[in-house]
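A, B and C are the chain letters, set down in written order, and residue numbers restart from 1 in every chain.
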Amino acid sequence: MSPSADTSVVTDGINWLQHQRNRMIVLMVMAAVAMVIPLVANNYMLEVLTNAWFYTILCLGLNIVVGYAGLLDLGYAAFFAVGAYTTGILTSQFGINFWLTIPAAVLCSMLAGIIIGGPTLRLRSDYLAIVTLGFGEIVRIIARNLEITGGASGLIGIDRPSFFGIELSQGIHFYYVFLLLAIFACFVSYRLQNSRLGRAWQYVREDEDAAEAMGINRVGVKLYAYVIGAMFGGVAGSFFAVKMTAISPETFTFAQSVLILLGVVLGGMGKIPGVIVGAFALVLFPEIFRGLGSMRMLIFAIVMLIIMLYRPEGIWPRKQS
Amino acid sequence: MSTLDIILQQLANGLILGSFYALVALGYTMVYGIIKLLNFAHGDLYMVGGFVGFLILSAISGLLGESWAAIVCSMVLSMLAVGLLGVIIQRVAYRPMLQAPRLSILITALAVSMILSNGVMAITDGEYLAFNTDLSFDGLDFGNVFISYTQLALVVSASLLMVILYLFVNKTLYGKAMRAIAIDQDACKLMGINVNRIIAMTFFIGSSLAAAAGVMAGVYYGSLHFSMGFVIGLKAFTAAVIGGIGSIPGAMLGGLVLGLLEAFGTQIPFVGSEWKDVFSFGLLILLLILKPTGILGKTEIERM
Amino acid sequence: MALLEVQNLVLSFAGLEVIRELGFSVEQGTIASLIGPNGAGKTSVFNCLTGFYRPDSGRIHFNDHSILRLKPHKITQAGMARTFQNLRLFKSMTVLENVMSGMHCRTSTGVLGSIFHTPSQQREEELIRRVSEECLAFVGLLDKKDRHAGNLPYGDQRRVEWARALATKPKLLLLDEPAAGLNHDEKQELIELILHIRKELGITILLIEHDMGLVMKVSEKITVIDYGKKIAEGTAVEVQSNPKVIEAYLGSEDEEDLL
């Protein structure tokens, strides 16, 4: 599966996509399609697609950590959990309006990112991976055992929010909510990638020492990546809580973190279109092959291994230079 | 029970737990020492070892029953099989990745870990498997402190394996080559050492020690589950870090320290057992932040 | 007052002293050199100056401030830039992007600015690009700015490193064996470039070098170290005739007899 094996049609297509104007056209068409799909889709399809947009947000968030800054985070579900529980607790137990809980969720996930990232981001990458894994498990166990989080059974009966008087309760509502969030996440990712900070991430990823010698605060820029990634997870979790109306600790397992990571790796670390493709593959694959059941994660793991061995840049083609 | 009795009993429990941790930690430390790879799949090799041991035991129980002889026999065979599996994993998944960025090889190791655990999950349908043995429940009874012969045998065999490993690494030419590669791989190539072979051998030894621990755990706890590798993997890694990753005596020491800490940790009042893992992971995180070189690890050149 | 002043610097690894009681200074506007045989501890000195190693004791004053316990990025911010002995470019990035890294510590756009493209962010991006292109033009690589750094010939890669260091707007430039791997003509160009940097940009230069010819031609003051200790100091002529230096480089008479 070397790049030379790409058919010339694909190469031409990619070259064509290199032009800013052409890329905008494609994006507009895709956005338009995404907007009108609910008019023709049935409820099941809508649910699956909503889920795909949801994973797109999570994967884009993790992509900032893994793809841009090159840090392996094996506990990303923890930030998603922090967001979901913040909204869940504030709405169901304190009766606070959903929209007001979003800033709180963002703040809490940011704090969680700073608390875990601050002292650990100077560690070697493999140690960091283990620390994030441990942190993910700690968050889940805490959620399982505290009273305020509803223990092992979690929180139920989280109120659906209303938006200018319309109660967001139908599938189509959440489809649009998650679509808009995903578009916003793409926008933010794109802008960050092509910014001073985005370049700093790339410098640090390529050569930490050289980056530091150029005056870049290695730990500082990593912390930015970590905290921004955490915020993506927090926001996604917040909306997840009101969409599901119930959350339980078992949603936020290590397997969940690995799944999100898989989406990032599958499509191509650091590439926004790749990550979107990865997130969709993650959601659509088990829906298309329903008979697989418990084999799902096994197949995902095998795919992940094959990708790493033969095409570490992911399925999305690399830029032609 | 007097305080002294509690201390003695927890000491015994801690030693048993610690010898499991030490056996698994050895594999982490050896692989890390030689190719600087954190082998996420190592805990899963322990789990696979348990299942392979169970399979062999069931196959030969008609012949030898489920006695000590059968258990030892299945443990040795499981060690060989899992050792080979470790070598295959190294050859297929890790060797092509050694020059790749660290992130890639870590993700590869994660993928291997997921393949092993989910593979066993698919085969066993996610069920617990009873590991039946007909070992007696007798043991040494010191009044309030009780140590079963099974526990005693497990600690003795774990110690035996570690002594053999220690002699192998320090007294044989292969062991010398292993230590040399850990220091400078390129120089070893120039000196005509078959580096790939020694790395494969390291994986074989590390994996088979994990398998031995897996079979022992099956005997001790009486059941097996596909997810059992995950937590012990983390804890053994903690043990390896406590001792100083890359150091073989460090892994043994770290395993014992962690085993004892956990055993005595259960005696802390007001802390329920559901918080046990939070305690261990928290300890790991603190350790990595405060003293990443561990007790016996070499200090690296200090960077600011 | 000297721009850089090092006193009683001591660095040891696992009990072995690599730098012993080293002291030297670099005056504003000069070109100084640090030389010594292989393994004398030259690069270790650089790593102490730039914050990559933590010395056991001593004083390092740069521009009247102690930089002894500062992190590398803070030291770069304070105005000291370095190149590496083995090239350390960001290989998969373009030449221009490489050089833009130098401007990072001279700019300040944060997350929100990046996302919303505020006017100040746009001005800064333009500034980063302009300064980087100027630095590339200075080393003569502007026409290759969009190439991938890893694909350039060795000599050009060295120049990218220089441009990158210049983009941090340093007061003092530390060059770690800049002539290593260059042929005769390239060395001549290098000498011109070094002199040019001081003359045009007013940057003080400290270099580590093996190539005695080059050192003698460009530097006003030479510090010779061996086994981490200073053994001689002075102009090229003074150092060349110093018996200790000859001994360090050629070995003592007795050793020669043994051979």
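Going forward, a contact is a pair of C-beta atoms (placed from the backbone, for glycine too) under 8 Å apart; a residue touches a chain by one contact, two chains touch by 3 or more.
Not measured: the values here are computed from a predicted model.
The chain with its Cα centre farthest from the Cα centre of chain B is C. The chain occupying the central position, as judged from C-alpha centroids, is A.
Remark: chain A and chain B have CA centroids separated by 33 Å (rounded to whole angstrom). Separating the CA-averaged centres of chain B and chain C is a span of 47 Å. Taking each chain's centre as the mean of its C-alpha atoms, chain A lies 42 Å from chain C.
Shared contact sites, meaning residues of chain C that touch two or more other chains, fall at 52, 71-72. The touching residues of chain A, counted against chain C in their complex, run 187-188, 191-192, 195-200, 202-203, 206-207, 209-218, 224, 228, 321.
Those residues of chain C lying in contact with chain A across their complex are 50, 52, 71-73, 76-77, 81-82, 84, 88-93, 97, 100-102, 104-107, 109-111, 113-117, 121, 124-125, 128, 148, 164-165, 168.
The residues of chain A lying in touch with chain B in their complex are 66, 70-72, 74, 119-120, 123-127, 129-131, 133-135, 137-138, 141-142, 144-145, 254, 258, 261, 265, 269, 294-295, 297-298, 300-302, 304-305, 308-309, 312.
Per the touch definition, chain B reaches chain A in the complex via residues 37-38, 93, 96-97, 100-104, 106-108, 110-112, 114-115, 118-119, 121-122, 125-126, 230, 234, 237, 272, 274-275, 277-278, 281-282, 284-285, 288-289, 292.
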